[in-house]
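Input: one structure, supplied below.
Each chain gets a letter, A, B, C, D and E, in the order it is written, and its residues are counted from 1.
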């Protein structure tokens, strides 16, 4: 996938256009680490509006799966096809020297659009980051940095979100807020695949349980 | 405190010896960031067996407080006195090139003791890391790395633990396990101060709620 | 593109150290040489010019390691590769900013360095021209190595090993042109070759860097 | 102590690149110089020896930046400062391993470098002696700068700026002794001074490094 | 029609790519190269050492040539081979390419080092010094560094297929760079000091001098082919260890041994 990101983003817009085609489809997808299969073959089909909750014990391969779908991991068997997407890994992907606002500007720059500043500020305000909008991320608390990352998904044009344990380090209110945001996103024709150890508080969600193969730690 | 870690560890042993003196005492302690007070003055007294649950919204100063108590943050008013302690920050403090076992060996080397290998393996087994005991930490999953860090506290001689959101990235079983470990530690005359956004499942705990001062984000 | 450049510049300026320091490093090592053999300024400036270029190469390398490391550690690199509309534009922006902070900066300070090295003032302009033409190749080729080694926690030296052979032609032609300038001969021929190096690097390096980055990102 | 050294060595060897590469860098930059002015070997080897030392300094610096960075990023540094029984022992171990990989390694390869630089074989032993005495000072003093700059994301160049002045005495005496060796005079005097540098560094540097590390750790 | 051709080409390509096919096909090649290397080297060596006439000005020291020149030649050719492998590996993601690179590296390093060593040993009597900075010497030295760089890189990467891609990329870039280096170095050499000893104008050698050289060169090439191929075969076995065909390959002898015990 990494091989032609441009086409990705185009797909994204198309997909956003007519809702009948899946945003993501995998057939007998198995990720490997060190040439070892991590989980049973996966056949997923993610339509607009779906919210997948990806459960599984530590080491069951959630992150690896998400990285694979994002094109960051090439050691897998089976196939997958996906449109452009937003990926949030364990690491936040914020430039810690830049303020949340500047980070947002950079990301919209990547997808070469100009930053809609008022929109960005509105989002940050909703995430309770208005005061920190201009402080470099390295001077934010863990949870505040998380929220800055969340703002990035909300700005992104892509409609498929791959989230890896996005609730980490969030306080209670923010966890609630995040649940609402996910619901809204799905309601708005987006889709979410969220690896987590909490239970998503989302209206209709489908749960995918990854079972570690023999040879994993549990 | 950093100025004489040796004395720390000695204190620790003494403290472990007779239970009547507090492991940690703070008087009107207030941490600052950028010369701004973060929370109301704190008067804590932590006796052996206590388990403090440190709650508060993002940016309320939990991490800063813990760093201060660990001697990693010098911008505070008021006083505190503490014995030697174990500190677990947001970052795990594992050398990612070394395996969990080697990391443990390093840490016991720091406190110049030889590693009790069988003991270490027993701990790793209990944490479900036996298979990964010899793989470099960079090749472990987020939760597995967390557990490796947990093994470190369990090996440490100090009886006071400062934990910053130790439940992040842990799966359900491990969260349960961690709760048990904390209870055991306190039952065994140790003490825990644990910043978290979950609710500790520990028999008797005291809850400290940090209220962000005006000028914080919420 | 503009957004990208802006971000790069802001980030660079935030770590103020990084702006002045390639230059400072260059000055200091010239100082070192002056101390190490005081005779240096008396000899004919040919050897001088050579020392000059070697130091520019080393300076460049010192700043290379930081080119992608921060983004790699913070995960911003993944984001760039995933969601960049045209990744190699982002990469070019990064390289360009690196050049601003190393190559261009040094070029602008040639007069000062020249004074330290006892070059005659009329040489300054030609030398600046040579640097202006040659240094982009360094940042461009360097980015390949930086991208390949960013995954290693101690990449610094392995980077050097990978890069210096790539720098060799630049060194030779650049040095030749400076030498020609100093000895007052025509320096167009080596200059043209230098320009060739830079333009070839410009066409190939960003793609190689992109490929290398993808490899590095997959490392975790 | 043993546990510490072991860990350092293991970690260093895990990033295998880091072992062979300071050497490779040194060889390459000597190559660069030889190319930059081919006349080098015809002149009396005095300048040579100076080039030699400057290059060793630069090599050392290239590998300095990585000294504490990984631990800083992973948070292991905090752990070291908090729970180390005697932090400066841990620090010394780190410095020692760095020296093994830079100073000692280079010393062992003096004969090869000497051949490339056209030094006479009978000079090898004295030069090795000089390096053996002088290089520890580099790793020791360097650790101070490394500790101070580890907090900056682009510390590489600022590090250079901080360190080079500290290296000056070593450079001067080291260079003097090598020059003495090359020109066949008695080199005991500068050698003694060099030894003095190293021993002073050995007594002071670990503490300075410790203080610097505490400052860096408090930065976040 | 053309479709069929291209498809059959594809099949051939896949066959080329398949380790199993490679393993089976190369079985005889290894023997062939091994034997001919042995023959050529012994003949060439004895001929060169014993029978070739001494050089009228260099005396017997010139006989080093019979090691030096072939080593240098093969050292260079091997790198080019690695570059090709790198290209194939990058474009078609062919596993065999990395096997080839892995197998070539040590030999390449060894031969280049040998060229350097023999060269400087030769330089002692002829140049009067172990080392001269000169076009060829420099480009050889750089070649060695390119080899070492790739080696260090491969050592530093744990994951096998990432290692493969990285090595492929670097060897490709390096190969693109080699002609530039060679050219620029020669250009530099002519521009600066006149080489104290010019390699380019070779001593007009009588046939009884260069014939053994030719034999030796051939011998070195055969030896290289033998060495690389056999190590590739081993590597293939190691990597394909789990697959069926390998197990079948070793099932029979293993079974017979077990029955013997």
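Everything that follows uses one rule, which is that a residue touches a chain if its C-beta (ideal position, glycine included) is under 8 Å from a C-beta of that chain, and two chains touch if they have at least 3 such contacts.
Just so it is clear, the structure is predicted and the values come from calculations on it, not from any experiment.
Engineer: Counting one step for each move to a touching chain, how far apart are chain C and chain E?
Structural biologist: Minimum number of steps from chain C to chain E: 1.
Engineer: Of the other chains, whose C-alpha centre is the longest way from the centre of chain C?
Structural biologist: That would be chain B.
Engineer: Taking each chain's centre as its mean C-alpha position, how far apart are chain B and chain E in Å?
Structural biologist: Chain B and chain E have C-alpha centres separated by 56 Å.
Engineer: I'd like the Å distance between the centres of chain B and chain D, where a centre is the mean of that chain's Cα atoms.
Structural biologist: 37
Engineer: So how far apart, in whole Å, are chain B and chain C when each is placed at the average of its C-alpha atoms?
Structural biologist: One centre to the other, that is 45 Å.
Engineer: Could you tell me which residues belong to chain C and also touch two or more other chains?
Structural biologist: Answer for chain C, listing residues that touch two or more other chains: 15, 70, 73, 149, 152-153, 158, 161, 164-165, 168, 172, 175, 218.
Engineer: Among the residues of chain A, which are close enough to touch at least two other chains?
Structural biologist: Residues 34, 74, 90, 96-97 of chain A touch two or more partner chains.
Engineer: Give the residues of chain E that touch two or more other chains, as numbers and ranges in rising order.
Structural biologist: Residues 142, 145, 148-149, 152-153, 156, 159, 185, 188.
Engineer: Give every residue of chain D touching chain B within the complex, in rising order.
Structural biologist: Residues in contact with chain B: 1-4, 6-7, 10-11, 14-15, 70-71, 73-76, 78-87, 89-90, 214, 217-218.
Engineer: Along chain A, where are the residues that touch chain B in the complex?
Structural biologist: Going through chain A, the ones touching chain B are 33-34, 56-59, 63, 90, 128-132, 139-144, 146-147, 165, 168-175, 197, 215-218.
Engineer: Over in the complex, which chain A residues touch chain C? Could you list them?
Structural biologist: Residues 2, 5-6, 9, 70-74, 84-87, 89-98, 102, 105-112, 114-115, 136, 156, 158 of chain A touch chain C in their complex.
Engineer: In their shared complex, at which residues does chain C touch chain D?
Structural biologist: Against chain D, chain C makes touches at 15, 17-18, 21-22, 24-25, 28-29, 31-33, 35-37, 39-40, 46-47, 50-51, 53-54, 57-58, 61-63, 65-66, 69-70, 73, 149, 152-158, 160-161, 164-165, 167-168, 171-172, 175.
Engineer: If we count contacts the way the header does, which residues on chain C are in touch with chain E in the complex?
Structural biologist: That would be residues 144, 148-149, 151-152, 158, 161-162, 164-166, 168-169, 172-173, 175-176, 193, 197, 204, 208, 211-212, 215, 218-219 of chain C.
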